[in-house]
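Just dropping this structure here.
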Amino acid sequence: MTGQVLYSQLFYGGSGIILVLLGLWSFLVHAPLLRKLIAINLMGAGVFHMLVAIAYRGIDTSPDPVPHALVLTGIVVAVSATALALAFGKRLDQDDD
Amino acid sequence: MNFDAWLPAAILLSSMIPGMLIFLLREESHRLRTVLNMTGALLKLGLVIWMIGGVYDGHRYETRWTLAPGLDLVLRADALAVLFVALSTLLWLVTTIYAIGYLEHSPNRSRFFGFFSICVSATVGIALSGNLLTFVIFYEILTLATYPLVAHRGTPDAAHGAKVYLAYTMGGGALLLVGAIWLQALVGPVEFTQGGILGVSPEEIRIELILIFFVLLAGLGVKAALVPLHGWLPQAMVAPAPVSALLHAVAVVKAGAFGIVRVVYDVYGVEFAYANGLLVALGILASVTIIYGSLMALTQDSLKKRLAYSTVSQVSYIALGASIFGPIATIGGMVHLVHQGLMKITLFFCAGNYAETLGVHKVSEMDGVGRRMPWTSLAFTVGALGMIGVPPVAGFVSKWYLGLGAADAGSNWVIAVLIASSLLNAAYFLPILHRAWFRPAPKQWPQEHRHAGRLEIAGALLWPPVITAVLALSAGLFAAAPFTPLEWASLIAEREYGR
Amino acid sequence: MMIDALPLSVTLPLIGAFAVTVSPGHARGPGLLAALLTAASALSVTAAVWSDGVLRADLGGWGVPLGIALEADGLSAAFLAMANVVALAISVYAGGYFKQESARHFWPLWLLLWSALNGLFLATDLFNLYVTLELLGLSAAALGALTGTREAVAANLRYLLVGLLGSMSYLLGVALVYAAYGVLDIGLVAEAIEPGPIAWTAMALMIGGLILKAALFPMHFWLPPAHANAPAPVSAALSALVVKAAFYLALRLWLDVFAPVLNEAAANLLGTLGAAAVVWGSWRALRAERLKLLAAYSTVAQMGYLFIAFPLLVATPPGLARDNLLAAVVLLALTHGLAKAGLFLAAGMVQKTAGHDRIDDLGGAAQALPAATFAIGLAGVALIGLPPSGTFLAKWMMLEQAMILGLWWWLVVMMIGTLLAAAYIFRVLSRAFNREPTPYRFVNDARTELPALLLGLIATFGLGIAAQPLWVLLEQGAFG
Amino acid sequence: MIRPLEHIIIPLGLIAVGGLLGWSFFLAVTGEAGERLAAVALARVPDSGVSNPVTSVLLNFRAYDTLLELAVLLAALLGIWSLGAAAPGFQPAASVLDGMVNGFVPLLILSAGYMLWVGAYAPGGAFQAGALLGSAGVMLALAGHRNAGLPSEGRLRLLVALGVFVFAMTGLLLMVVGDGFLTYPPSLAKWLILLIETAATLSIGATLAAAYLGGRPAARPTTGETA
């Protein structure tokens, strides 16, 4: 593995970890549903970041397709969960009115 | 299929299956319920008689069923088991007849008789248990099956009594479980073996074994109503009379006492227990209970409570017999297991009859009941005299052997306890008899239900106490004949000591 | 032509979900049919494992590491059988419980949840497990809110969010595992894994996420309101199956993936949390005013017992004793599953009859429903751990092993839990004894009462008297 | 004011978690993982029926994941529907927006079709295509079409569940008559994948649009029968 590949993996993967931490912090600290949802999605984005980072194998080499597929699946799952959670929130807001 | 291997299970199921079926019956199916009850009781009696004959001939009846690896359910008919099984089967039959008469018109009979049958199955299971695990299983099932019987009436009193009963017995069950698991972790599966299994145990676990003995004793002592664990018994008096009869004479307290006997003889071994001072501790506990129970009985005006405290006292004779080192006292304790059952059930049946016919619940209301209900009172008199230990009623035989055994073992203080308790027995039973026979009847009974027939009360309520009284009398009169409780108890003692 | 029951157990409920989604007006018939077929195929998996040994299916024919495989060993087969028996009972019950409008929402979500359960028990791929966990979590939260009350919606939203956090933690662990070892199949990961910070962090993330979903103390806060406010059949599924699935997965990872990196500290941590759950959950159950809340807190306590297994498992050297211990833990989980479902189903009937589930005012309703009350009693016996239930045997074996190891404090904790459980169960049962006579018919509504009663019977008499077959099943690949 | 939990405990915990994560991740990427599954996967792409490696993984090697993922999507939508009816929606848009939407929506549908097709050999596929369809629905909803251009409830239900059904049925049929669950015969792989992807695209698009409405669609759509 070349230094450039390693550097890119660490850089993007490390950013992913930072996103995860930011998301986690936000999830734990903020009460409103919307912020918690954004936090969860941020964490998801961080994990996906890490997966995409380890899929990278150099500029001329085709990337590892498996993490890419995992990320695609993960995104759909995250979207579904977010949509459902929003519907829950909407229902609660309606009940309040 | 080997019949010998299935007989113990068949005896268990002969009441378990009718019980389950009775739950499903509609309330109005009076006849079918009676048929199921009686079929189960008679079938069980037949099977037990068969088994007694077989055990006498040296047959080995053992059902073994693996619940999970290392955990076997063992039902085995040794001499001690047969003694208890025979008692409970016989008394179940009688009590069933009585209960059918007693609860004729009360609600929720399907529930009552269902649990009633399961309760007896559990008792038989306890009697036949071939190892400690099986004993624990049936000991707990007995708790579960008796709770609904105590709570049956549904009054706030019943609810409270049932709650107290449950708290005590669950606590006791937990202690027994802890002791059993602890013991099994130390020495492996604990099979009940004549002469015990711990005599050969290594020296370094001795302290632990002694600790475990007291944990087990505490667990068993709750049901056996050893002071200070007896608190539930007077509270549980709220139950209907047949339940009290069953609880006191056959099932619950006997299960505890029987368990103590098992642990002393067939787990620890009487020699091990003697050598480590366990017998002395048990003897002191039993003696305190005997005296305390009698003293408390003296102060009770409620007839059932007086009988309850009398039970506290009398059941400890069994433990006392086990605590004296020597075969003669063992015979006394063992035989009292049966004799106390016969006498106490008679007394409870009679108390139920007084309450049912005359509304009499208190000793102070019993003036003149003898002439009003002569047969019932005659039976009551036999039971009461037996409890005091007047010959030739069965109680005399028990006390005689206990005293003889104590003298033989050099425990003279036990004789003092026996004399004191007999005097106390007389002090709380004789006034009742005096009232019943020699005082004039009041103009008005508290709540009289005049029975229409020829007899003083319905046959189903009269015959059971009369039969049990006759049995108590015969057990004393013909004590030396073959197949009596005394002969059987001698057989057990011979086997426990005669290695 | 061949029929492979492994994928069938996952896809049949999916096809059933399609059928009930497109014909919402007539959901019950196809729903019950799908339930029956799903249960049949899953039970045939268990039967096949029993007779032929471990089953494996390479989906797509690629084989690992590229493809995804399904596998049923003794452990999965045991949980699969329990889950499908319970799910079938819940389905029959739901057929009588839900009225038109809720039925159309219940059936498709319920079949999706079932599919996720079967998928989870059979999965061998770490990422695939993430997908099944999310399917499970989403459908469970949606089902839990079906009563439509504000409490139910709020509680299940919280459940959804906590579940998402748990899955995210799990997924992070999976990403780490893939980064380090380059494979996702459980067996291959287990071969590659070695002690070190990677394995440690991955284990903490994955098991940490799962104990959030399994509601282990102190992460249990979301469970009682969510389970207590759901419709009765859903509560049964949530308490008996969904949290058990998370426990199953934690156990599976513990045994199969992280076996080389285990240590006592982690196990003791899980055990201590379990002990706290036992005491706290039981205590809250005792104080609960509503029957379903009581049952929900009891779930918190019961999950605690299961986690006490971890320190015992770590302390027991491989061999017969450890195999027996593992089987006892599984027996405990299975019995709890059956009993808790029975309890919730019966509680639902009592609630329906009484119009409420306040324990202190239950008198008449409980007495009028002997079958339901018996179901509560039988389930209660199993939850307390009294004989002749499977829990009794399981606790006996676990405690005996604890005493052999000299770890007596687990015995103290479990006995306290047992006594508290007895107190809260009999608090309910004592309401069944009332003064007024009630017309006595044992079964009033067969479709709802019999499933509850049967579950109680299996938990008490079935697994308590004949636990031996579980050992035969676990021989297939689950013992060390 | 300093709240200890928020300002001290959680940040410290996060720093610890971050340190552990970073360390583990560093060890993981610098360790011996090597090729991971890349080589295996890329080597088998020619056998998968499509030449885009990601589509190969999604719809062939790990097709089972994708099946369950469609189920997750369906579960979410069913959950949303169980929570209540959709909001009444926006007012019909003025002519400029309406005209723009009317221009864009067909374009989006066309792009979706292209994405679906191109996914076989280049980046693209069912999810991207579905997302485009979904965005068309969102656009219609924003422009005031009451049901985001979705069909009546009966047909909508069929549409959203179609992906799961076609996927699962294909898998089962291959199991019954072929080599195993979701094991495509090489000659048919391309077409089976296309079939599944088409159904999946429709389901994803419809689900996303329906989810955007946030509840059960109104009984009778008043405008925008087709999308």
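Letters A, B, C and D name the chains as they come in the text, with residue numbers starting at 1 for each one.
We take it that a residue touches a chain if its C-beta (ideal position, glycine included) is under 8 Å from a C-beta of that chain, and two chains touch if they have at least 3 such contacts.
For clarity, every value in this text was computed on a predicted model and none was experimentally measured.
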item	value
Reaching chain D from chain B through chains that touch each other, fewest steps	2
Longest centre-to-centre distance from chain A, chain (CA-based)	B
Contact-richer chain pair [B-C vs A-C]	B-C
Chain closest to the middle, measuring from C-alpha centroids that were averaged per chain	C
Chain B and chain C: spacing of chain centres that average the CA atoms, whole Å	42
Rounded Å distance, chain A centre to chain C centre (Cα mean)	29
Gap in Å, rounded to a whole number, between the CA centres of chain D and chain A	16
Chain centre separation in whole Å, for chain B relative to chain A (CA means)	70
Interface hub residues of chain C, defined as touching at least two other chains	127, 131, 134, 138, 141-142, 145, 153, 172, 178-179, 184
Residue list for chain A, restricted to those that touch at least two other chains	13, 20, 50, 54, 66, 70, 73, 77, 80-81, 84, 88, 91
Residue numbers of chain D (touch at least two other chains)	21, 25, 28-29, 35-37, 41, 61-62, 65, 69, 72, 75-76, 79, 83
Pairwise chain contacts under the document criterion	A-C, A-D, B-C, C-D
Contact footprint of chain C on chain D as seen in their complex	20-21, 23-25, 27-29, 31, 33-37, 40-41, 44, 60-65, 67-69, 71-72, 74-76, 78-79, 81-83, 154, 157-158, 160-162, 164-165, 168-169, 171-172, 175-177, 179-184
Chain A contact footprint on chain C (complex, rising order)	127, 130-131, 134, 137-138, 141-142, 145, 150, 153-154, 156-157, 160-161, 164-165, 168, 171-172, 175, 178-179, 184
Sites on chain A touched by chain D in the complex	6, 9-10, 13-14, 17-18, 20-21, 24-25, 28-29, 50, 53-55, 57, 62-66, 68-70, 72-73, 75-77, 79-81, 83-84, 86-88, 90-91, 94
In the complex, chain B residues that touch chain C	23-27, 65-71, 73, 107-108, 110-111, 133, 136-138, 140-141, 143-144, 147-148, 151-155, 158-159, 162-163, 166, 170-171, 173-174, 177-178, 181-182, 184-186
In the complex with chain C, residue positions of chain A that touch it	13, 20, 27, 33, 36-37, 40, 43-44, 47, 50-51, 54, 66-67, 70, 73-74, 77, 80-81, 84-85, 88-89, 91-92, 95
